[in-house]
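What follows is one structure encoded as structure tokens, with my remarks underneath.
All chains are identified by letter, namely A, B, C, D and E, in their written order; residue positions are counted from 1 within each chain.
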Amino acid sequence: MNPKLIGYAALFVGIALLPALGAYPIFVMKVLCYALFACAFNLLVGFTGLLSFGHAAFLGTAAYVCGHALKVWGLPTPVGLVVGALAAAGVGLVFGLLAIRRSGIYFSMITLALAQMLYFFFLQAPFTGGEDGLQSVPRGSFLGLDLSSDLTLYYVVLGIFIAAFWLIYRIVHSPFGQVLTSIRENEARATSLGYDTAHFKLLAFVLSAGLAGLAGATKTLTLGFATLTDAIWTTSGLVILMTLVGGMGTLVGPMVGALVIIALENKIGDAGKWLADTTGVAWFNGLGESVSLVTGLIFIVCVLAFRRGLVGEAMALWDKRRPAAAR
Amino acid sequence: MTELFGIPLPALLGQLLLGLVNGSFYAMLSLGLAVIFGMLNIINFAHGALYMMGAFLAWMGMDLLGLNYWVMLGLAPLLVGALGIVIERTMLQWLYKLDHLYGLLLTFGITLVIEGVFRSFYGVSGQPYSVPEQLQGATNLGFMILPNYRAWVVVASLVVCLAVWALIEKTSLGAKLRAGTENPKLVQAFGINVPAMVTLTYAGGVALAAFAGVLAAPILQVSALMGSNLIIVVFAVVVIGGMGSILGSIVTGLGLGIIEGLTKVFYPEASNTVVFVVMAIVLLVRPAGLFGKEK
Amino acid sequence: QVSGDVIKIGIITDLSGLYADIDGQGGVEAIKMAIADMKGMAAGKKIEFLFADHQNKADVASAKAREWMDTQGLDLLIGGTNSGANIAMAKVAAEKKRVFISIGAASARLTNEDCTPYTVHYAYDTVALANGTGNAVVKSGGKSWYFLTADYAFGHSLQADTTAVVQKAGGKIVGSVKHPLSASDFSSFLLQAQGSGAQILGLANAGGDTINSIKAANEFGITKTMKLAGLLMFINDVHSLGLKATEGMYLTDGWYWNQNAESRAWSRRFFDKMKRMPSMLQAADYSSVTHYLKAVEATKTDDADKVLAKMKATKVNDFFAKNGEIGPDGRHRYDMYLMQVKSPKESTEPWDYYKVVQTIPAAEAYTKLADSKCPIVKK
Amino acid sequence: MSDIILETSDLTKEFKGFTAVDAVNLRVQRGHIHALLGPNGAGKTTCFNLLTKFLTPTRGRIVFAGHDITGETSAQIARRGVIRSFQISAVFPHLTVLENVRIGLQRFTGTSFHFWKGLTGLKTLDAKVLALLELVDLRDMAQLKAADLPYGRKRALEIATTMAMEPQLMLLDEPTQGMGHEDVDRVTALIKRVAEGRTVLMVEHNMKVVASIADRITVLARGAVLAEGDYATVSKHPAVLEAYMGTEATELQGAH
Amino acid sequence: MATPALEIHNLHAWYGESHILHGINLSVQPGQVVTLLGRNGAGRTTTLRAILGLTGARKGSIKIHGEEAIGLPTHRIAQLGIGYCPEERGIFASLTAEENLRLPPPLKSRRGKVMSEAEIYAMFPNLAERRHSPGTRLSGGEQQMLAVARILRTGADILLLDEISEGLAPVIVQALARMIRALKAQGFTIVMVEQNFRFAAPLADHFVVIEHGEVVLSFPAAELAAHQAQLDELLSV
């Protein structure tokens, strides 16, 4: 078997064991949702070179649609998730049709503009509950499993994540993925070989949107609500950061990035307190209110020193050492 | 009374004029952004934070040193420009050859740090700063009463915008700057001190932001977060105008101010969103923005 | 019986964003003061304290709340600012059966549609603000109103609540304009308001938006023809605008540091730590935690149901509230005050900004129990 | 005479008032190696871009194998069997040499949109790819990244990829530019070999190459056709001598 | 003997970790035309780039009109009187042809002749016609002309020309040959890298053959016949 696959399998078994090792399941689930979001985003940017600045629109759409489907329509949980993801893919199709022929920064900007318009819609539409959000979405049950237990939900979410990750892996290593790579490397050449590059990019865009939607729907299920935060542009920025911090164009990078960023958001206060307690420097206590400051410093360091992202840098190090050893 | 779409004409004129005032802010800020992007190939996300710093410096000058508005209007851009030199020398200079993304990310990080520092010292609710004495009061234009200070803002920013435009489009300095972004080594091989030029360009661009910040201090809340709302709009202006196009950012800035002003009358809820609608339409029709050159 | 042999209190609030000044670090400090004043003990057990920044994201808030309850055995959760975050936290607390006291949320939903047996809404809400300012202003002659409203749920409910109050008091609404959150400039909206010919401009917005509206209103001379009524203003907003810009404005507040000797004494202690005077929310942080701890002390347990029953049975009597009562819907009903901002001449010291014009009795300030949309209230 | 595979009529491209290609009527006969010559800036590359729709003609019609392709997209034209190379080498740098060629072949399998399939299906193409690589002496380098190839080998790889598409008409833009002598000779021989059974339209400055393999030559100058004919005719054409080859043409040819 | 215009002693240069130049020695007298010959990848371009400090690390000595240049930043080296025409032409896309032409500022040490724009356009009429189009919209050949043209008006007296005849039509190549003769007559010092030996042969005063980053042969034009055999062996397969 492929050693890479063994690696992934080990990784997922590790994640499956986390709750038993004392990790807090809801936190890990949240990381998984964002990790999936980042992986979906990375599918687009890392493998087609299209940098979307509007991916929150897909996360948000699916979050609201899934939440509404479960809470108001009372659909079964799996159906709600699928409906959410499909809605996101549909929005992705519309965005894609409009944006796909633009390139570089203009592509980013048009996706941003469309996402902002959708955000405005969410803000105005009554079913989203404005800034208070769509609250108390029921978890229901998944194929007979009662999801009210955090642990059950944990394994369902992990299952969804693994399935989605497998799909992404498949896409990257498929005939379609090959064409995508060639488009990223040299679009004119790919065209001259007879590929309608716009169609390929569109499909990649829709797939990425759908998977981002799946992440959003799963997140709604996990946390029990959807809010405007899911759809706002800073969330689109967040996923870019996750991908970059972890390593763009690597499969595992976005997962690591999501972990780092979410942990930063949730745990920095605790870290500060721990530092203050162990070092006796009271200043660290203030770290909790300086999340953005610390995040800012991390980005600066990342850009200046770890440009390929954590995973990207690690892989580069590995590559550098291996041939030396082989020689 | 003459009406247009149910709004009395004079009132509409008044709204247009107000739109122009806001537009001149957009123009000046997006101008700095466009200069920096055009010359350094960096999307300077920190522009909003440096604008905020300009406003804050004005307040600090008043509060700590008793320096008045006019002194700070000159001093704040210099100080922020100096900070710009430090930022460029220590960080940005390593990024020119990379994808735009990295510049964006780094300057985003810088934004978070600057805002974080100001917030932890001064909180978020803002500092009082009043209109300088010479410009207090308002002038009755017949169709509306225009505060003198707003009139001054329009004049000052238009003059600055035109001066910068002329400097870049009409002098050989501009040509050197543009060439420098494409192939700095070669330009340097022609005997031009590119690194110094680039540093000064960045300093100049952010000084413009600080200038706008001082202009804004008397009319907007001087607070640590005042730049973060603006940056994305200004950024959109630059894109609509055509990335790096100086003229484009000036014209779009003013135009957008007016469109936004009209939106505030006809569909006020959407006045923060209209910029994105305009951006989407423009990019669909003209892929490289209004004044951008297609590749 | 105290779970885990320790009383755990946590606050989740905005420590870094838009609302960080009105609660934020100051709120954290206020709770520390409350704990210190109990000598760090209640019912013979140690009190521990946690705080976290929700960055105005409901998901961060609820995830943190859930985590604290699951892994730290949190007994009392204090919700700082941001209604969305508070509603999300309230759901978690109800699910986990822990006491949740919301301090900074404006939304009256917390004790209506979204009420739970475990939620206490301790400070103001939009209904109280509307009742206070709306009534008082109409009574003092401000009959015709125009609203400048933030296009957000809290803005809408503030406007709706105020409208009801104004109309009931015999005033009328001439018009309104909704502006997006964090609008770039308010002059255009203000001009529209001025064109309406209304006497009163009701500012149904908050924070930076309110500040920028007032700045522009002064600049355009609108304050000469209309009176401004800030529907959701905190002392920090007045501080950042300066008295010159705000002089004469009416606003409703649940508490003012300079209202009496007791509040002054506490506030001076707070000032020594934070270098600014406390807002209503920060005082409420102290008061609510103290009220909770006293109930624990009295019941000798940290069991949420028992403590809550005790809290609801005991009146709040301290420097923050007199004869305050927590109803079955979770609403803490206490007297609110209509304030008027002093002129620079009247102000005798820094932060001396308000004069109390009128006391709005608890019974009138809030949604009447009979009108509550809270399903757990037996009618 | 009868078998014209490509015919343009009145083909014109204007850039903001500047006419880069001016009413060109080009007729390429099936089976020929047809060379497009002309001074720098004559519009040769632009012509290629028009033929493959990388640029949209301002005026004129393009007929390929009896079909009017003027309105089709680049990809459609490519699928008709018109495959081009680029003046500046165009490979997929981070793919291996093998993958570079396979990308082309993959199109025929009809699986290119199959994102749910693995790569095993494509492995069946490898034998064919290796045979093609053999032809251009790249077989040993099949597993190298294209970026790591020397320049001349990259051009060879490009030709191999083009050939993999079984084109009816190959458009080669300066295939020998920037190569050393050995590579030039190799590539010339290669073109001659692959041209059997198909048609080649090529731009080339190296007169030695042109003289040795071109069946027919069209000379462009300032966007318009200046002369047409075989090498002997064209090289003596006075206008061509003046505009392109210059008076020292005989001295310079073969100097490369 | 006068101070050489350019004197290189034991020059080493690296691109990253790869060591490309292994001790080049070269001396060019004012007014001389020197041609660097060699196979593809021998290091001729690198030599020119190393003079200007455009490579990675470098070591040794480069004296320009007697002044040591090895430690100077690129723009200071250029100011000593160097005009560089790179192999890849280096035309700026965001500048029009005319702006490209006007880009290099007059050097401080203006030893060489300063050509006026009119003279330049007379020499390259194509450029006059296309002066307002963006630089990279010019055809390959036009770009090459522009790249040469723009260093003729700065007052640089040492011209480093990298494969200027590459990809050009024969007429243009002939025009370039005439131009180089004219420049030489006007006293310019020229270092050319050429693949096209026929082009270079009649122009050069001195030939230098580089192989694997070292000078393997160096002789004046007068001895060309004597070295022909050796040359053939070094340059062809």
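We take it that a residue touches a chain if its C-beta (ideal position, glycine included) is under 8 Å from a C-beta of that chain, and two chains touch if they have at least 3 such contacts.
Everything numeric in this text was worked out from a predicted model, so none of it was measured.
In summary, the chains found to touch both chain A and chain C are B.
Traced through touching neighbours, the fewest hops from chain B to chain D number 2. Of all chains, D has its CA centroid at the greatest distance from the CA centroid of chain B. A comparison of the B-E and A-B interfaces places the larger number of contacting C-beta pairs at A-B. Chain centres here are Cα averages; for chain A and chain B they lie 32 Å apart.
Taking each chain's centre as the average of its CA atoms, chain C and chain D sit 74 Å apart. We define each chain's centre as the mean of its Cα atoms; on that basis chain B and chain C are separated by 36 Å.
Centroids of chain A and chain D (each the mean of its C-alpha atoms) stand 43 Å apart. With touch defined as above, residues shared between interfaces to two or more other chains in chain C number as follows: 16, 20, 24, 151. In chain A, the residues touching two or more other chains are 124, 286, 289-290, 292. In chain B, 116, 269-270, 273 are the positions where the chain touches two or more neighbouring chains simultaneously. Pairwise, the chains that touch each other are A-B, A-C, A-D, B-C, B-E, D-E. Those residues of chain B that touch chain A in the complex are listed here as 43, 91, 94-95, 98, 100-102, 105-106, 108-113, 115-117, 120, 232, 236, 239, 243, 269-270, 273, 276-277, 279-280, 283-284, 287-289.
On the chain D side of its complex with chain E, the touching residues are 15-16, 18, 38-42, 45, 87, 151, 174, 177-178, 180-182, 205, 207, 242-249, 251-252, 255-256.
Looking at the complex, you find that chain C touches chain B at residues 16-22, 24, 151, 177-185, 187-189, 191-192, 195, 207-208, 211-212, 215-216, 219-221, 234, 236-237, 239-242, 244-245, 276.
Of all residues in chain E, only 52, 54, 73-75, 78-79, 82, 84, 86, 90, 92-95, 99-100, 102-105, 107-108, 134, 151, 154 touch chain B in the complex they form. The touching residues of chain A, when paired with chain D in their complex, are 167, 170-171, 173-179, 181-182, 185-186, 188-197, 199-200, 203, 207.
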